[in-house]
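The data blocks that follow each hold one structure.
What follows is a pair of complexes built around chain A, which joins chain B in one and chain C in the other.
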Partner chain A sequence: MNSAIKEKGVNFSFILPALFIFSIFWIYPFFYTFILSFQENDLISLPKFVGFNNFRVVLTSSDWWSSMYNGAFITFWALTFQNILAFMLALAVDRVIRLKKFYRVVFFILPVLSEIIIGLLMKQVLASEPVGRDVLNHLLDHLGVGFMVQDWLGHDRVRLTTALVHCWKGFGWAFVILLAGLQSIPEQLYEAARIDGANAWQCFTRVTVPLLMPVITLVVVLTILGTMQAFAMILALTGGAGGLTTVPVMMIYDHLRHNIAGLAATEGLILGVILVTVSFIMFFVSKRIRRKYGVLPN
Partner chain B sequence: MYYQTKKIVILIVLHTFLLSVALSCIFPFLWMINVSFKSQGEFDVDYGLKLPQHINWSNYKEVVLKEGFWRYFLNSVFYTFITVILIVIVSSLAAYGFSRLQFPGKNVIFYLFLAAMMIPLPAGFVPVYIMLKNLHLLNRTGYVLAMTNMGLSLSIYLLKTFFDQLPRDLEDAARIDGCNKLRIWWHVGLPLVAPALAVVVIFNALNVWNEFVLASLMFTNDNLMPLQVGLMEFSNKMVTQHTLIMAALTVAALPIILLYIKMQQQFVKGLTAGALVG
Partner chain C sequence: MVKRGKRKGKLPPFIFILLIGFLGCTSQKKPSNNKLVVWHWMTDRKDAFRQLAQEYEKETGIKVEFKLFFPPDIYSQKVIAAARAEALPDIFGILGEKKTFASFIKAGHVLDLTSYMKEDNSLWQNKFYPQTLRVVIFEENNAYGIKPGIYGVPIDTTLLNFVYNKSLLRKAGLDPDNYPKTLDEFLDDAKKIKEKLGVDGFVCGWGEGWLLYALATEWAINLMGEDKFLRTIKGNVPYTDRDWVKVFSYFDKLRRLDILAHGIATMTNKEAEDAFSKEKAVFSFNGSWAVNVYKKRNPNLDYAFFPLPRVSDKFPVKIWGGAGSSFMVNGKSANRKEAVKFLKWITSRKQQEFLIRETNNLPSIKGCEENLPPVLKSLISQFDSLTHPDIWPQNEHSQVIEVIDRGLQRIILGIKTPQEVAREIQKTKERIHR
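Take a look at the complex of A and B:
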């Protein structure tokens, strides 16, 4: 009896270091966020309980909703442009024989590098005087497509440019996942379809897309979660552009920097609840799609 | 004949499409390296679209030695190294425990770790920062521990599923030979999960190396800043010194690019590991 308890203790001690770090850096902060959201906390004087005031302030703040709009705007472009581009690239790479490995390596360089490097580099490429030197515009002039020249980081364009740079950094990641999905589809299914008289388009809509549905929903969910929480690249590229490209996490970061911790925590909670809801909805939608097509992943 | 030409045309279209996208990925980095060898005067004339007249290392000298990028670089190496070692030890111990050993509350605790992976916490850095500030841990120790926690859940999950697939024969043999559990973990378990450990190492190393938000909040002292924060501060300070910024960016990006090209299989696996769990 005693030795059995001792053995359980020895066994438990294997997960103890992990549980210790996890409790301090995840479980405690998780609950502390809720407490913070009911406080007025400037990190210096004693925190004051203010009830739901923070929630009232955030939910009625036009700055917050415009940052949510900016985040949703970039997410829209990531969902459409980035993922469709990644899907087309994956289909193309799946078909070619030569240079396959080269393309795979090159497309994945951008996801490997940090958001700060990408943001600062593209700032140098895109910015006009005095910050940059209009490099892309000069390049376009050289290439004879001068009509494409524009003030990329100016007021009219900055939001779209930021979204496109985000897509540029992210497409390689979606590409790799979609390509892995494509390659897991057995060749025999295509052969069977062709024998039944299906043309290329029917092969695509009746074999490729249904079998890829689980992977596609996964990419969609992760794109939404990742893009709504994007921050460092945008900070490096535009610094917010006076509210035009301020995203939710940038608001949270700025509030914490200015010692308005209660608002920062509240904003984080609201965004977190929205994201959890969205991913739950997507989870059930993908389950229904999978049931409808009668296929299971892998 | 007709099919032959049709096939060739399709291939040409595909490769044109793929090559143009590939070029858009490579060109900015070639341009970055090119500019880093130019003087500011030369850059102002040709915008880095021509090769430098002569290779000029002075930007690198200034950035690395005078502006302290050697220190940022070493700081990043230090944080990455310590964090990855901690994660490997702590997560493989826990994964071994979850996979092989019996104790009360095992499943509940394991699901807790899984939940941490699934629930998005966009403001997770807010309470962590405040807590570390209150504990007077806004320094290397606090940062390394916080980063260790960030990688813990996924690493435990990956290693546990890998342990689950392994046969227990070797461990049984070791037990019969009189090995205690800790020595079995170290001598038998760890070597067996080496392939999964490679993924864990790459995933976490990149995660720490590229981390910006928490580091920028915690390290206001120039001597402690990692590379990403140093880059950001530097570019804010030297807005118009384009060639210097390019040299700094090259110092930060090139080692990662080279490492990636050398070990691209592991990088792809490491970076998509998070996605494939979901």
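Take a look at the complex of A and C:
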């Protein structure tokens, strides 16, 4: 009995360092954020319990909902334009097996670059003088399509431009995941489908899409989570543009910068709950689709 | 199968590591009588501070280590984290509102310097410009509940002012020594120069909301007087008041005249400084620190400062200014007395003159005026007009300021009217105070 307890103790000691680190960097911050959301706290002086007041302030703030709208707008473009582009490129590269490593590297360069660098770089490309170098407009002019010259970061286009820059930066992630998913589908399934008389479109809709559904779900969930939490690139590119591109994390950052930690924690919590809910809904929808196609048993 | 003997040997290292970590987190710094640590965020003063530290060590034998943390946002977070961990250095600066400063004092992190300042008939206190020192003073019955006293040592003075490019004025056929005194004159000149020379009329880092808030409050004080302005902060005058709508409409006027630099609403102050120093705009609104920036970017730039273009003759013009950078002594440091001695030394005339020479900032103490470059000397006469949120009896709620900043940016972008912005600000103020 004693030796069994001792052995358990020894075994436990092996996971102790990991548990210790996990508790400090994950469990404690999570509960602390929760506690902070019920406090008026500047992180220096004694906190004051304010009940649900922070939640009332955030949920009734038009700026908060406007930032959620901006986040949702960019997410919409990321889900559609970015992921469709990534999917098409992944399909193309899946066939050109010889060059797949080269393409992987090329498309993966952007996501691994720092968001701040991308933001500052694109500011130079898109913004007119004196802020930027107006590179895109000069290029359009040289190409003889001067009628396309725009004020890309002007108030009527800044939201869409920001969304497209985000898509441009992020499509590499989706591309790599989708390509890996495509390459995991056994070739025999396509051969069997072709023997049964399936054409290319039928192979795509009846074999590729259903079998890729878990990967597509993963990409969709990661896109939603990643885009709703996008921040650094937008900060560097537009700085919020008078609220036109202010996203939720930018609000949280601003409040933390002004030491309004209680409000920032509340916003973080609300955003977290929304994102977790959306993720669960996506997994549920994906399950239903896979069942419909017979990939999962009923 | 693993032998028991071998397993036994694996347990102690983990516990040892945990113990080291635990002790590392809880150990107290030992008092050191011959070394002071100073944290700051001022990249422009890095070399000057290093030289001053060497000089101080030569004179006293005490080593002073200046540690630079940049950018200011990161510095701010580091100081707050250090305060929570009781790991602040002997001397540090606090960035942010007076409310944050008060929180540090309440938590015992800042030493009350009143007794040191008052020694020898207030010798140290009297050295400073009163307008500079009052930013680090908490008056009787202050709104923050802090014991009245002096809690910091300003090492320079800054103020926000309009600045104009003399050469561009000359090129446009205007008198370079006759700067615009009123807003209408300012708008006229900017428009004329833009039409004649094709350069922007006005550039400013309005992507950083605080510069918008500063200008709006300066115009508000000039238009409605300090009393009505402060009553707005207290909640007795709504932001939808006619005067406030008028203040917001000045920004609309700037936009309508098309004199603003392209992208001004998202521009950082650094970008604006760059544009002004490259003569891409004739007017700007910036702090006195810009002298150093312009000198580095374009040593031949011919420019001068001028006070806020008036919008009314009824009330005096007030401009934002006061202590630019201040140092505080860690109230829990074992080297408090040495730290105070060092701050006394750094704010003495010789050291201040050295700092002026090296960094082109306005001094915090009196008596160095003759060593100032002419462009800075002209600012001394404006010291009597200085005001700052840190000296107002009450400051506006930071969430309301956020909405003001964003609202003004929207006016500049042309997506909101001054009336709409005024309503949004008032709504936010009421929601917060409910």
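Note that in this section the second predicted complex is superposed on the first by the 289 of 298 C-alpha atoms of A that agree within 3 Å, B and C clash if a C-alpha of one lies under 4 Å from a C-alpha of the other, contacts with A are read in each partner's own complex, and residues count from 1 in each chain.
Please note the rule applied: a contact is a pair of C-beta atoms (placed from the backbone, for glycine too) under 8 Å apart; a residue touches a chain by one contact, two chains touch by 3 or more.
All values reported here derive from a predicted model rather than from experimental measurement.
Once the two complexes are overlaid through chain A, chain B and chain C clash, as defined at the top of the document.
Of the two partner chains placed by superposition, only chain B is touched by A:Val176; chain C is not.
Between chain B and chain C, B contacts the larger number of chain A residues.
In the superposed model, A:Leu244 makes contact with chain C only, not with chain B. In the superposed model, A:Pro17 lies in contact with both chain B and chain C.
Looking at the shared chain after the overlay, A:Gly132 reaches both chain B and chain C.
Once the two complexes are laid over each other on the shared chain, residue contacts for A:Leu153 go to chain C alone; chain B is not touched. In the superposition on chain A, contact of A:Met282 is made with neither chain B nor chain C. When the two complexes are overlaid on their common chain A, residue A:Asp63 makes contact with chain C while staying clear of chain B.
Of the two partner chains, both chain B and chain C are touched by A:Arg257. Touch criterion met: A:Ser45 reaches chain C, while chain B stays clear of it.
Shared interface residues of chain A, touching chain B in one complex and chain C in the other, are 10, 14, 17, 43, 130-132, 256-257.
Looking at the complex, you find that chain B touches chain A at residues 10-11, 14-15, 17-18, 21-22, 24-26, 28-29, 31-32, 35, 43-44, 47-49, 89-91, 93-94, 96-98, 101-104, 109, 112-113, 116, 119-131, 133, 145-146, 148-149, 152-153, 156, 181, 185, 206, 209-210, 212-213, 217, 228, 231-232, 235, 239-240, 242, 245-246, 249, 252-253, 256-257, 260-261, 264, 267-268, 271-272, 275-276, 278.
Those residues of chain C lying in contact with chain A across their complex are 7-8, 10-11, 14-15, 17-18, 73, 76-77, 80, 83-84, 96-97, 99-100, 102-104, 106-107, 109, 200, 203, 207-208, 261-263, 265-268, 271, 274-275, 278, 280-281, 398-399, 402-403, 406, 409-410, 412-415, 424, 428, 431-432.
Residues 10, 13-14, 16-17, 20, 42-46, 57, 60-63, 127-132, 151, 153, 155, 238-244, 246, 254, 256-260, 263 of chain A are the ones touching chain C in the complex. Listing the residues of chain A that touch chain B in their complex gives 8-12, 14-15, 17-19, 21-22, 24-30, 32-33, 36, 41, 43, 85, 88-89, 92-93, 95-96, 98-99, 102-117, 120-125, 130-135, 138-139, 142, 168, 172-173, 176-177, 180, 218-219, 221-222, 225, 228-229, 231-232, 235-236, 248-249, 252-253, 256-257, 261, 264-265, 267-269, 271-272, 275-276, 279.
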